[in-house]
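The two complexes that follow have chain A in common; it is paired with chain B in the first and with chain C in the second.
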Partner chain A sequence: MAAQLRRTLWRLAEVIEVVPETPRTRSLLLEVPEWEGHKAGQHVDVRLTAEDGYQTQRSYSIASAPEDERLVLTVDHLDDGEVSPYLTDVLMAGDKLELRGPIGGYFTWEAADGGPLFLVGGGSGIAPLMAMIRHRAAADSDVPTRLLYSSRSYEEIIFREELETLASRDSALEVIHTLTRSTPEGWAGYDRRIDAEMLREVARSPDESPLAFVCDPTSFVEGVADALVRLGHVPARVKTERFGPTGG
Partner chain B sequence: MGQGFFSRGFRGRRRSQDTALPPGQYLVDGFPVLSAGPTPRTPLEEWDFSIVGEIDEPKRWTWEEFRQLPSEEITKDIHCVTKWSKLGTRWEGVSIDTLLKGVETAAEYVTAFCDGDYTTNLPLEDLTGGKAWIAYSYDGESLEPEHGGPARLLVPHLYFWKSAKWVRGLQLTTYDVPGFWETLGYHNYGDPWREQRYWGD
Partner chain C sequence: MDDKLRLDGNAAAGSLREIFSFEVTSTHYACGGCGRVDQIGAAMVYEVRGLGTIIRCPSCDNALVRLVHNRGRHWIDLRGLRYLQVEDVAG
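Showing the complex of A and B:
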């Protein structure tokens, strides 16, 4: 216990690369000195300091697998946000970013935890789920995994190509998209917000006792979790994560 | 860490009420919902509230009995460990002092237990002396299930995860038993003014 109680120190990470993911989303690839590793699903606290000493903090899920070389934060630009526009629009390679973590020991998954997995995400809520999918691939896990991912439009699907690549070479990984605002011509997939009917069609059967992870920045989290329970899923096997809608 | 460090190009957005906030917190106008899992929904006819543990005669109230207890209106600022704060939130509920009236106990700690198997631990002295309530109303309305209804613990001087949603009772103990988040990396006490977010803070 004593070893676990050591303080989570602030560290000065270096931005190695800023990768545009969608028109509104950037991934920050970070080099963190003395980073002690993380579990898929955990988050970090980021602290920004203005020249006059003013500081503010926010939490961001880690999108990279524990096995990856760089720590990756994938950040959605919020128009009225204080921190996210700085991270997506101002920060560039070579800049320093203060953070501490990893934090959170509940919304996590390791290959040894097994499955099957049912992952439900919306928008930038994909980040901790992507960490799980990347960890699963890096660990050569064959745990049956299904991702239901809601985006506003085709262009705004974060990690679309990487998800396609991973699913194309792994029959135990299924990726199902739904687009809530606009669809490209010929789109044959779902084109509405995730609802109970969609979950009934897509969710794994409660008989398989799947482990469900639900992450989204909005109240959709409660709706999905409640619907899964009504479909017969065990509440203790449904884990939710959420970042405040004004998380900025 | 961070001696002399500043974030290139960051100005920040100060608000006039920022002085009222503990370190590292920012203001929100809405009321974010944070839960680790699905929202439990216990029918009121099955709901009860009990005080057990280091107490000669365990106490128990049904919903109807609980609502007959003297209640108070409370206006307090609340601070979530995920960094948001909300000022002047209005609640109605029963003071823990009322629930513990006449109780003699050797207990120094309390575990609040809840529907959904959530628990959180607090020193007993943080629940007494007008510092904590079992709240069943928010902003003049019945407390929504998403926010912890039918009733939640309200301990506004600590980070808000201590204000356990869907609370069903208090277990009085002579020793301290870390609760759900307290065993998963979050601070055992959680004073926002000392920024006690995580283990070791």
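Showing the complex of A and C:
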């Protein structure tokens, strides 16, 4: 008889609340029965089943800290996406959502892992980095942390106020934004895509042996990782996560 | 292959977790093609929608792991690996 797997890892979560973050992004606050906890940086797979039985699944990073009461997925609306429009436009509090996880042991950080941390994210790629920043705050960690975050416009900066609040009361946390499409009047920050020059100015020195996490839904992660290695960072300390268009 | 379907090794973690009892993405592998040693999570993943998943070596493009799920069965082809090094969990 063939070997059989009995593992059933899929379970039904309930949407407790839907929080609009930006015009294109919503956070889903979930109650997951018998959730065993997660590490910052891990993800879940979400599976949707159509009435005719057709199934499709996507990976979404967890944006909440392990210490938070609810599991939070922060989802960007992709116009041509197969799953994300359902999550961003249709799903409401009280609805059920099938998911499995927590998943992944590579792109994760715990306060005990130390630092210093250099986090680089674009758009909804902030989600797993936000889990790390929230975990760091909840664990009262003083690991020096610098976030370089690329958004299209000021309005599209996800978690802007929370990041401001956290950084304002914690001198070891620095948040640096760059806006790639439009900037508000008087914007003094970066206004272009993340490039090697910007990384040279912003990245922590390789001498500090920082731990870098790079996450973005596009191919920019490879460019950033390569640029960091060229600046002298140890490849094994530069971790990337790329939930590409299949994040849609 | 379509570059847009390229993901990181951690994108395959969910499929791998269905099959293996340990977290595969944090294990180290040696590539059967070029000998590169790295974590599976740092390898490249190509998802072929509806068919399966291929994990490739970022140095030489060798297919390290092929996963196919079809008609209630998982097919796991590991011949591209020289070895997988799994941490012993204490206790």
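Here is the rule we use: the second predicted complex is superposed on the first by the 239 of 248 C-alpha atoms of A that agree within 3 Å, B and C clash if a C-alpha of one lies under 4 Å from a C-alpha of the other, contacts with A are read in each partner's own complex, and residues count from 1 in each chain.
The working rule: contacts are C-beta pairs under 8 Å (C-beta built on N, C-alpha and C of every residue); 3 or more make two chains touch, one makes a residue touch a chain.
The shown structure was predicted, so the numbers you read here are calculated from the model rather than taken from an experiment.
Trainee: Clash or fit: chain B against chain C, after overlaying the two structures on chain A?
Mentor: On the superposed model, which is not a single observed complex, chain B and chain C clash.
Trainee: Once chain A of both complexes is superposed, is A:97 in touch with chain B (first), chain C (second), both, or neither?
Mentor: The first partner, chain B, only.
Trainee: Which holds for A:240: it touches chain B only (first), chain C only (second), both, or neither?
Mentor: It touches chain B and chain C both.
Trainee: Looking at the overlay, does A:59 come into contact with chain B only (first), chain C only (second), both, or neither?
Mentor: Both partners, chain B and chain C.
Trainee: Does chain B (first) or chain C (second) touch A:9, or do both, or does neither?
Mentor: both
Trainee: If we overlay the two complexes on their shared chain A, which of chain B and chain C does A:105 touch? Say first, second, both or neither.
Mentor: In the superposition, A:105 touches chain B and chain C alike.
Trainee: Comparing chain C with chain B, which touches more residues belonging to chain A?
Mentor: Greater contact footprint in residues on chain A: B.
Trainee: A:77 in the overlay: touching chain B, chain C, both, or neither? Say first, second, both or neither.
Mentor: neither
Trainee: Between 5-13, 77-85 or 95-103, which run of chain B pushes into chain C after the superposition?
Mentor: The segment of chain B occupying space taken by chain C is 77-85.
Trainee: Could you tell me which stretches of chain A are touched by chain B in one complex and by chain C in the other?
Mentor: 5, 7, 9, 45, 57, 59, 103-107, 219, 221, 239-240, 242-246
Trainee: So in the complex, the part of chain B that touches chain A is made up of which residues?
Mentor: My answer: residues 1-2, 5-14, 24, 26, 28-30, 32-40, 80, 82-84, 116-117, 146, 180-181, 183-185, 197-201.
Trainee: Residue numbers of chain C touching chain A in their complex, please.
Mentor: Those residues of chain C that touch chain A are 3-11, 13-14, 17-19, 23, 25-26, 39-42, 47, 49, 73-74.
Trainee: Note which residues of chain A are touching chain C in the complex, please.
Mentor: Chain A residues touching chain C: 2, 5, 7, 9, 43, 45, 57, 59, 100-101, 103-107, 219, 221, 239-246.
Trainee: Please output the residues of chain A touching chain B within their complex, sorted ascending.
Mentor: Residue list for chain A touching chain B: 4-12, 45, 47-51, 53-59, 82, 86, 90, 95-98, 103-107, 219, 221-222, 225-226, 228-229, 235-236, 238-240, 242-248.
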